[in-house]
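Just so it is clear, A, B and C label the chains in written order, and each chain counts residues from 1 on its own.
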Amino acid sequence: MNLWLILAGNSIAFGGLLFLLSAGFSLIFGLMRIPNLTHGSLFMLGAYFAVSLISWGLGFWPAAILAGLGVAAFGGLVERLLLRRLPGAELAQVLVTLGLSFMIADICLLGWGGDPISIATPSELRGASRIAGFAFPTYRLGLIVIAIVVAATLWGLVDKTRLGAMIRAGVDDPAIARVVGIRVSRLFTIVFSLGAGLAGFAGVIGGPILSVYPGLDQDMLPLALVVVILGGSGSLVGSFIGSFVVGFLYNFGQAMFPELAYVVLFLPMLVILVLRPQGLFGRVAA
Amino acid sequence: MRRLTLALALAALAMLPLWVGNSYYVNIASQILLYAIFALALNVLVGYAGLVSLGHAGLFGIAAYAGALAINNGATHLVAIVAALAATLVAAAAFAVLALRGTGLGFVMITVAIGQIVWGVAYRWISITNGDNGVAINTRPSPFGLSLTSTPNFYWATLIVFLVAVTAIAIVAASPFGASLRGTRDQPRRMTALGYHIWLIRFLAFLFSGLWSGVAGMLFLYYNQFISPQAVALGASAEALLMVISGGSGTLLGPIVGAALVVIMKNVVSAYIVRWNFVLGAIFVAIVIFMPEGIVPGSVRLARWCLAKLRPQVTEVTGAATPRPESGL
Amino acid sequence: MNALELRGLEKAFGGLRVTADVSLAVDPGERRLIIGPNGAGKTTLFNLITGELPADVGSIRLFEHDITRVPSRRRAHLGLARTYQIVTLFPGETLLRNVTLSLLGLSRLRWNPLVRLDRQSALLAAARQTLSLVGLDHLAERPLAQTAYGERRRVEIAMALAQNPKVLLLDEPFAGLSSDERRDVQLLLAAIPREVTIVMIEHDMDVALDFAERITVLHFGKVEVEGTRSEVVAHPRTREIYLGE
């Protein structure tokens, strides 16, 4: 019984982390129709940035934010210099992001070496807390809180602000959005940076749990893909729910069917893609 | 003229182990040939059908794993090869039925999902696949009594298989079926109105592509005498795609050039330039942005441009122009 | 028996009814013109007839066949052919190869992966023949990309004619043509034998009225007026539709 509760708790925590990772992916894919295959690398890059920042004396939280900003800036550059050159060529954009992920992975290997590096849990969240009589790592609780806060902030941004309205317009109909005066290309840069920054931030936040290691990008990217496909692209609510569903699938899958862990993860994704061929990756019909 | 070039190339290839002394380089050549088969197979879908698969390493790997498991369970090489190719065809049929539910990006994502499932099974179903430790075999076949254990012999066997593969794919490309396939890539809507069965055409193309991917997979198994989940990972599918698009999809020479490029980078260059993965990714990015049609067509275009600049003046051509040979080099 | 008969055809996208209870019957050999303001649902009607779009309600008959449930790809085999409003040809190929592809669509040969397409002399000869029908056989080896727009519009028609259709649907065949080119197409269409029933959508009234024997006027997806050319031209409703209500 204890085991299931712990698994459930870990699933929720992991779900929170996945939301931080996939919210950005969902925004980018929803607005720009690019499945950003660099997303896992950006997650990893953020974590590595933080490793360096922390080693230079910065605290965990400042490092997390700074790393996120750094990755956001990098994302902006990528969008402006590379993706901007391939407007509307979705396949080409996918391939460019794929190539970039190779490049980033190698740079990280060069910069930080091949050994896993752990990020220390911030001191204020060390240890365990008692929740309903069970001891649960405080950091993971903190992670859930962070995920909820970020979710609320993003939702507020998309729903309540002018930027959010422009994003929603751009998602619905980029052509008309341009006609109405929305600078869609600048919007793309902003959204891509935002998505990238979120991924980088998520990488740092995930650090104490996952550590950082070469291959982290390849581990996280498919998870982001599954979340967005299950939850629907461009939908933050969908990403939120999808993240927790995947968190549960992943953890319980690993525990109950260790031999089919990845099948348990990717099968739902496959089922949805196959049953709703138009819906998730095609433009929704008028 | 073209026949002469082909004959010379063939002769050079056949004599390769003789004029390249170092067995390391002959092995590289074997690798180039087997990956060229894989790239050509993938190109049937990417180039001729216009369907981009990012999960093709799954078919490659299923053949290799099936072959390895068969051999380690006592099958003869012939039986193992037949079993592996049969398994690959069944898998390709399943992949096709699933992936063809989507179009464009949807197709790509479904192939990613399938590829990941295959990788997940290879990585985790340890009781069958031995997980990360992979499966090793300790013999290479000896067709007609000629042992393929030696480097030159393996090279020649691979060369023969490669030539069969290229010929088969070239024949299909030049056939009415090949023309139908390319038609579905260019104007699927019109093709349906003209009476073609788009789904079935694509399905058959997928099977054909799967078959040769499986052949390449078996060659890979025999070359390394080992198969591991790494060969089935997303990176492996990406590399295969890179071979196709860097060389130029929709031609026969393109994937071969692309395979050579990637294999050489992977093996030879990495000895001198430490971060080959980075270089590979950079080439990928550069090609997609600057030479999206690939190196072969891009170079042809560049060569034509240079020649045009060199000629005194070009009179307006109003007569027949040579059509771009779709099925040729 | 009618060459083409539509009964009670309906099609809606969400709340938008693009085809509203359309019924029409075309006699064998007839030259029918379908007109209507933009958005009247003319091309949609063609898409319903060819099966590219499934009808919500209603039936379609092609001579003796009820093709309402027949998949789009089979309708070509039953004698239905169409051209497209926007030139929908194979850009990387020669004119000859374009038309050959059209011929291949109805031939068992299209499944053959072994023979060389370039050596199918009977097929290629028939393709050349079709190109000469539209006056383009001298450009047979020309890549499509190196042809003029007017020539491409004629290839569009050749693609459809190649299949020896019983019913030919022409979607704005005169769109964007110069007056010389229009004349060429007019002559071409006039030369099509009576074995082929033609239904044409057109905006260009001068040429279209010349061609039409009977006219159907569509507006907001409904058949508003139908009759012979003179009847429709004189009808007050026609004026209303075109000059606004």
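Criterion: a residue touches a chain if its C-beta (ideal position, glycine included) is under 8 Å from a C-beta of that chain, and two chains touch if they have at least 3 such contacts.
Nothing here was measured: the structure is a model prediction, and the numbers come from that model.
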Chain whose average C-alpha position is farthest from chain A's own: C
Chain whose averaged C-alpha position falls nearest the assembly-wide average: B
Whole-Å separation of chain centres (CA-atom averages), chain B against chain C: 41
Length of the line joining the C-alpha centres of chain A and chain C, rounded to whole Å: 50
Euclidean distance of C-alpha centroids - chain A vs chain B, Å: 33
Per-residue overlap in chain A, given as positions that touch at least 2 other chains: none
In the complex, chain B residues that touch chain C: 171-172, 174-180, 182-183, 186-187, 189-198, 208, 320-321, 323-324, 326
Parts of chain A lying in touch with chain B, wherever the complex brings them together: 33, 35, 82, 85-86, 90-92, 94-96, 98-107, 109-110, 218, 221-222, 225, 229, 258-263, 265-267, 269-270, 273-275, 277-278, 280-282
Residue numbers on chain B that touch chain A, as the complex places them: 52, 98, 101-106, 108-110, 112-114, 116-117, 119-121, 123-127, 233-235, 238, 241-242, 245, 274-275, 277-278, 280-285, 288-289, 292
Sites on chain C touched by chain B in the complex: 50, 52, 72-77, 81-82, 84, 88-94, 97, 100-102, 104-107, 109-118, 120, 141-143, 146, 159, 163
